[in-house]
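Two complexes come next, and they have one chain in common, chain A, joined by chain B in the first and chain C in the second.
Let's look at the complex of A and B:
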């Protein structure tokens, strides 16, 4: 069942990579009055059945948009972001083994759409920085919803 | 009376100190103004909302902390806070915190610890710490309800042999067996949540003696 579809990787290293850039990246985000992930409208309402699809969609959002759109001059921050990107590619590969179980219902698609719309509201560099600064929200959500189960890996 | 902003240095080390979701904003007086009658004003901001909000109880205060627990009680949101110093008609620019995320940053207080003993064992019952609440009448929320992966590090120290054992548990009852009769043992317990490092707060050290060995007691009679 869904158990096989969950991410078993040790998130602590991913969270550690993020903590290494959190202060610097969040400091660059000067638009405090908008968010990209808008957790109370998107992530907090996700039901267990939609966790796999939302995870897959948000991993793709970060890999295909955020990590590509972000331009970083600081080599140390760049290294941490690359490490994060590689971890996300690994998580994508893990979920790919569950294609038949990762159904996308309307609720999951709507949540993902809100996030992409929020991203499109901002200039692309600002949107990328803000999305990176909100990675702790996404990682905490993954940790909470993908915990304590064996998984496809 | 509006003050002239920027004439005073800013407060320093502005940060949230959070334990069990009791979120206190703390800061240090501006450099060079220690001992002077400086007052402070605090504002806070809910990330994603529209504007900075006042905290009326923290306007023109002389202390260097402000309890923002009620304003930041939705622990899945993220917040900023800022403080400025005022002295006479002069005031500093705002000194602002980084983005504060209570769910990932609050420290977890110790559990309540109840001990019972018999000859060769000590039974320990743990009660998870409680989330901060505004009114005592409100029903309590256990930190376990917020962090389902909450764990405890239990240490037991034999005062006779000076040996210590530690055990990491998730359940709330455990028994240390094969102990020495008639010996004083001391117990310390820390709560923790796997994930981002958080400062820990050990429980008060509690010491109990295992009962005397009943068999030798009978022989003596």
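Let's look at the complex of A and C:
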């Protein structure tokens, strides 16, 4: 079959880490009628060919922006966010192993830009909190689109 | 802020077997006093992006023993930095940091303990419970020339496992090894164990 660049990782523990902070983080989100990931405009329309590029771009979005911009004092939440951030870092490394299969078409680049534009519309702390609160959308999307045998590792 | 007059803990090291990770260090001793320790960690993400942030270990901030089970702190297959300091009342030592960063992919994987049993003419295997990270590859065959080797993948928590319906008078052999998807490694196989089924072999 067509070799694909997939994340061959058990997401159960990552989802568990998110469930541990979901309520607390979403409670801090003061802009309930706004979304950063805008799944209907971005993730839902992604074709299999663009899955790797969108995944790579969104992992970078979270690693380079969201986790950095969020400031947390609660040790329990800090631990969960650290677990998420380091797991995302690991996923990035996994995708790097097969980046020759991870091409970015315009559709994928457009979807990523919408998310960055949404993020820039809000004050940075609010944007980071909202993006963290929407992690379940991204994790569910990864879980759905990264099944099968990966060319990585 | 307590003046750092306590000596810092020395000889930090991590022992990791079957995805259980324990940080140990040499105790700081003060006659007739109880010294406490605090452990903090930093994943590769923090080192790269937020290097000022250190996270208190879930079980050892503080602790009285010169060791810390960091298994639940290490939650991704990236490298982690770990540090420890001693505290006695308001006195606090400087931090001691583990010389080499730790990654769970260096854990020692041992062959699994297993127990072969018969339930009537059903061959069963009971495997050591090593936690949620572990899958088992069970290999079993009938002990006769040219016998085919069968492989069964066993997920965590499924015990005991049915392998095969056996024939009287025949002998069957089994071996198993573990696989940890999080680090993409497996253990060595356990020693092979064989069992002889009671009764007369069936006529050909």
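Note that in this section the second predicted complex is superposed on the first by the 146 of 153 C-alpha atoms of A that agree within 3 Å, B and C clash if a C-alpha of one lies under 4 Å from a C-alpha of the other, contacts with A are read in each partner's own complex, and residues count from 1 in each chain.
Criterion: contacts are C-beta pairs under 8 Å (C-beta built on N, C-alpha and C of every residue); 3 or more make two chains touch, one makes a residue touch a chain.
None of these values were measured; they are calculated from a predicted model.
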>> For the combined arrangement obtained by superposing on chain A, do chain B and chain C clash, or do they fit?
In response: fit
> Taking CA centres, what is the chain B/chain A/chain C angle in steps of 10 degrees?
Replying inline: 80
>> According to the stated criteria, A:63 is in contact with first (chain B), second (chain C), both, or neither; which is it?
In response: second
> If you stack the two complexes on chain A, which partner ends up touching A:9: first (chain B), second (chain C), both, or neither?
Replying inline: second
> Touch check for A:116: first (chain B), second (chain C), both, or neither?
Replying inline: neither
>> For A:133 in the superposed arrangement: first (chain B), second (chain C), both or neither?
In response: first
>> Quick check for you: in the superposed arrangement, does A:82 touch first (chain B), second (chain C), both or neither?
In response: second
>> With both complexes superposed on chain A, which partner does A:103 reach: first (chain B), second (chain C), both or neither?
In response: neither
>> Quick one: is A:34 in contact with chain B, with chain C, with both, or with neither? Answer first, second, both or neither.
In response: first
> Shortest C-alpha to C-alpha distance from chain B to chain C once the two structures are superposed, in angstrom?
Replying inline: 9
> Can you list the chain A residues touching chain B in their complex?
Replying inline: 11-12, 15, 19, 22-23, 26-27, 32-35, 38-40, 44, 133, 136-137, 140, 143, 147-148
> So in the complex, which bits of chain B are touching chain A?
Replying inline: 45, 47-51, 76-78, 80, 98-99, 101, 103-104, 148-149, 194-196
> Along chain C, where are the residues that touch chain A in the complex?
Replying inline: 43-46, 48-50, 53, 55-56, 58, 73, 75-78, 181-182, 184
> What does chain A use to touch chain C in their complex?
Replying inline: 8-10, 13, 17, 63-64, 67-68, 75, 78-79, 82-83, 85-90, 93, 153
